[in-house]
Amino acid sequence: MTDLPAPEKRVWLRHPSLRIGAVASLVFLLVGFVSIAWVPYPIEVINVGAAMQDPSPAHWLGTDHLGRDMLSMIMKGTLTSFVVAAIAVAIGALIGVPLGLAAAAWGGPAEWFILRVNDFLFAFPALIIAILITTIFGPSAINAMIAVGIFNIPVFARVARGGALSLKTLDYVGAARLAGMGPIEIARRHILPNIASLIIVQATIQLALGILAEASLSYVGLGTQPPATSLGLMLKDAQTYALLKPSLALIPGITIILIVVALNLAGDGLRDQLDPKLRRLGGARGAA
Amino acid sequence: MALRTAVAAFALALSFVGIADAAPRTDLRIGLVLEPPALDPTAGAAAAIDEVVYQNVFEGLTRIDETGAVQPALASSWDVSADGLSYTFHLVEGATFHDGTTFDADDVVFTYGRITAADSVNAQKALYAGIDSVTAVNANTVEIKLKGPDGLFLFNVGRGDAVIVAPESAANNANTPIGTGPFKFVNWQKGADLTLEQYAGYWGTKPALTKVTYVFINDAAARVNALLAGSIDGINNTDASTLPVFKADPRFKVVVGSTEGETLLVQNNAKAPFSDLKVRQAIAHSLDRAEIIAGASSGYGTPIGSHFPPHSKDYVDLTGTYPYDLDAARKLLAEADYPDGFSATLKLPPVPYATVGGQIVASQLAKVGIKLTQVNLDWNQWLTDVFTNKDYDLTIISHVEPFDIGIYADPNYYFGYNDPDFQAIMKQLNETTDEAARKELLIAAQKRLAEQAVNGYLFELAQTGVWSAKLEGMWQNAPVEGVVLSGIHWTE
Amino acid sequence: MIRFALTKFLGLAATLLVAAAITFAALDILPGDPARFILGINATPDAVAALREQLGLDAPALQRFFGWIGGMFVGDFGLSYTQGQPVGQLIAGRLGVTIPLTVIAMILSAGIGLPIGILAARRRGSFADAGLMVLAQLGVAIPNFWFGMLLVLLFSVTLRWLPPGGFVPWGENPFAAFASLILPSIALALPQAAILARVMRTALVDVQGSDYIRTARAKGLTLSEAVWKHGVRNAMLPVLTILGLQFAYLVAGTVIVENVFYLPGLGRLIFDAISARDLILVRSSVIILVLAVIGTMFLTDLAYAWVDPRLRSRKAE
């Protein structure tokens, strides 16, 4: 069915970047998920008297300007950042991939139309429209997800279409067509499984970009809203304390960098593992 | 070669600094948080308009001084009739507008006609609704007749909303303001900065400064950096959270004063459960003002117990009416049939004291079982949802208008507070001109609001400015909105 | 080529029209009243009503839409609600910041990113390659507002070499104007430079294995000579695509960077206009940005067709 090499242990060893990236991403993800069930201190409880403490056995990373435990904030913030980015990726992939496949399968006016929609979405300055969307529907993490997600659609559509077009000329697809399969059936049974890896690579990269986009929206006050927190919101809140208490900005800032690097390493490693034929499709390049 | 040029230029720049140190500077760069949308103070409510033009570019018949007292301005003196219904203003002579036209009684008549007209877009139109007629007696005398006595009339005449404009230029004041003040408008680089220069033809005492640039910096951290890098010389009012950096730095001085801003936890009195006095009292008992001030305003701000500024001579301290007492709060909630508390939403405008204050208030009320869902809104949504449509349970907002206790007498105001007793006190106050009697009524009004716990009275907003240590003459307090430049000067 | 350009151009026009309709509709449902915003909380309802009428906010939506579209064709973008000035004039005033900022950032990102990518590809697998790619990873991962703030703390607050923000108009002092754009354009360019470096490296590594490089090597060229002479031009295809796309990201990124450095650019104009509900200003600025972005994509497509003649003959996508 698939003409991709199965990821083997040997391959893993050959790709240290994938190993490092994947493990680090999973660690952060795990930290985020733990925060659903448990954090050292609840972040809704404010104790101004204990503000801006240095790291101590009670507070491993110290406390922030409202006396909240920084470790708990980072855990909750990591979760929010991941969830926002992941849902944005899901929106992009669930709508973009079928669109891309449809464009490749049908061609003609349908393809033209889908490509126009794609161009159209690419043409809007994403962040500005995200600002507009969050202003219309009110600033919140959910609206941030939708805003970021919409601009993931053309990215996935492009990758899916590119992958599908190159597979279309392959023999087994031609055989399936001769066997009387319709374009949708071919797309589902032969093309989708083969471009799945491309899409996963793209998803990893969009996940990293989504975390940065959430940070940007939070910076202008339209992302995650208190009392919830995200890494971007923490970074934004810490800006005014940059000289007074640099650790407040350094901790979330470095966490964002680590997560994004980890995800990108994982994505790069995955792409390097792909069949060279698929690699040349250059899916990930739409990620800029 | 390029490097040598750069070094030479740098040395030259240093020597210029040396020369500048010998004589006091006469230019000033001030940071402003928000850019004014336009520059006509008689057609907009944005505080940023007054911060640029009030008493600098435009002047009124009277002006408000740093203590909040009324002083003569374009009217050098005035007589009030015995019944308090007629004010005769004697205008200064020799005053001119920046376009060279002379100031006279006709400009005053024009200005007030514009404010009170049916199609007026003055933000404080209601304050001037009591004016019956404005007549030019002669070129230098104006008589204003009122429909009823108004104890605050001279103060309102001195506000930015009633500055004198000329019929020749009024239509363009939004972008090229022409007034009679000590500074004339020169240039506005939209989105960046705005420059004023001393007006050579000013009728009064010439200010020390010759050129003033306002730089608009929205981002709090960027403001801190601009001050530290020396690209601005001062900020009239900035986030209190950034002050510790400047307190420790001898190049700067931190100027903390009071404003007219009563910061409130506003309760929708028309809506259950806040229509129940016991619930409001319970909330009042659950608020720890000290923690709110420490967290939302970095410790700057005076606790208040009613809707009145602590620096006023008529102020009475009512912070002890419902002291912080969680047991008392729980007992009151139980009596009000909410033994386990209740849930409500807290809609917050986009200002730090509200977004941060909201988190603290939510954390405090949670201790007595009142669970608040915080909803952060932008200004427009807040104005629409909370202020206009009254679709809210609780909100946090600072009411910065001076002498605004009268808003509680309006049952249609967004507080939803309809109290005939309070309305009676206000009615009597408006008809009283005797100082001692007014004081008694004002105290009665403050007490009534405190006892009724209409809103959660949190603190009087502080004005927290940061200036170069070499600057003198800035206003410490803000009895009205504005950055009055005339007294500011460099000491070296 | 002309047919190709024409088809592309028609697509551009269609996109623009749809964009205009969507922008208008989206803004029409935006909650909030510009008149109330201007006059504040103490204004009486009749003063607000008077201002609404003055601003023409009460006209039916369709009438306002066609008025707006029709106006744009003759260069009339309408009057800003909050500032009372022609929108076209307000936008034009901001272009003197945003265009140089974006262009400098693009030059920087290409000027830094491409050589790094080429260097890394030529020294593939070396320590330098690994080091440069680590830098590129970090460059992609730093949130740009934070990076901008770090730049200011270093170069303005500590070293005092460059202004921490603000803008001196070009006409007043071109050197100072340029100086005030240096830090913002670096902050804006960094992630794009990092992305370009990675794309350039991957593209070059890809062509190293291709037939014509092997042929060139067989003719006696060293690998790096072959890549330099034949590979770079071919590797430019994906790079051009990225450059075209990057323009859109740079334009959007100006909102953040102009905020950090308080620059009077288009991004901040739009951001402020959204919060003030100056709908007419938001609409027209968004359309101008969309036009700039799809115009650039159009030019990229033409450049693409010029670099790769095969595309010209193919049916335009």
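Read from first to last, the chains carry the letters A, B and C; within each, the first residue is number 1.
Criterion: contacts are C-beta pairs under 8 Å (C-beta built on N, C-alpha and C of every residue); 3 or more make two chains touch, one makes a residue touch a chain.
A quick note: this is a predicted structure, and the numbers were derived from the prediction, not measured.
Across the two candidate interfaces, B-C and A-B, the one carrying more C-beta contacts is B-C. Taking the mean of all protein Cα atoms as the centre, the chain whose own Cα mean lies nearest is C.
Averaged C-alpha coordinates give centres for subunit A and subunit C that are 22 Å from one another. Subunit B and subunit C, compared by their mean Cα positions, are separated by 39 Å. With centres set at the average Cα position, the gap from subunit A to subunit B is 45 Å. Across the assembly, subunit C contributes residues 31, 149, 153, 259, 275 that each touch 2 or more other chains. Chain contacts: subunit A has residues 135, 239, 242-243 touching two or more partner chains.
With touch defined as above, residues shared between interfaces to two or more other chains in subunit B number as follows: 219, 221, 228, 378, 381. Touching subunit B in their complex are the following residues of subunit C: 31-34, 36-44, 46-47, 50-51, 54, 82-85, 90, 93-94, 97, 149, 152-153, 156-157, 160, 163-167, 169, 259-265, 268-269, 272, 275-277.
Put simply, subunit A touches subunit C in their complex at residues 111, 115-116, 119-120, 122-129, 131-133, 135-136, 208, 212, 215-216, 219-220, 232, 235-236, 239, 242-243, 249, 253, 256-258, 260-261, 264-265, 279-280, 282, 285-288. Contact residues on subunit B toward subunit A in their complex (touch as defined above): 219-221, 224, 228, 239, 241-242, 244-245, 291, 294-295, 350, 355-356, 358-360, 362-363, 366, 374-378, 381. Of all the residues in subunit B, the ones that touch subunit C in their complex are 35, 37-38, 43-46, 118-126, 174-175, 189-193, 215-219, 221-222, 225-226, 228-231, 378-381, 383-385, 387-388, 401, 404. The part of subunit A that touches subunit B in the complex is made up of residues 44-46, 48-49, 51, 65-66, 135, 138-139, 221, 225-227, 239-244.
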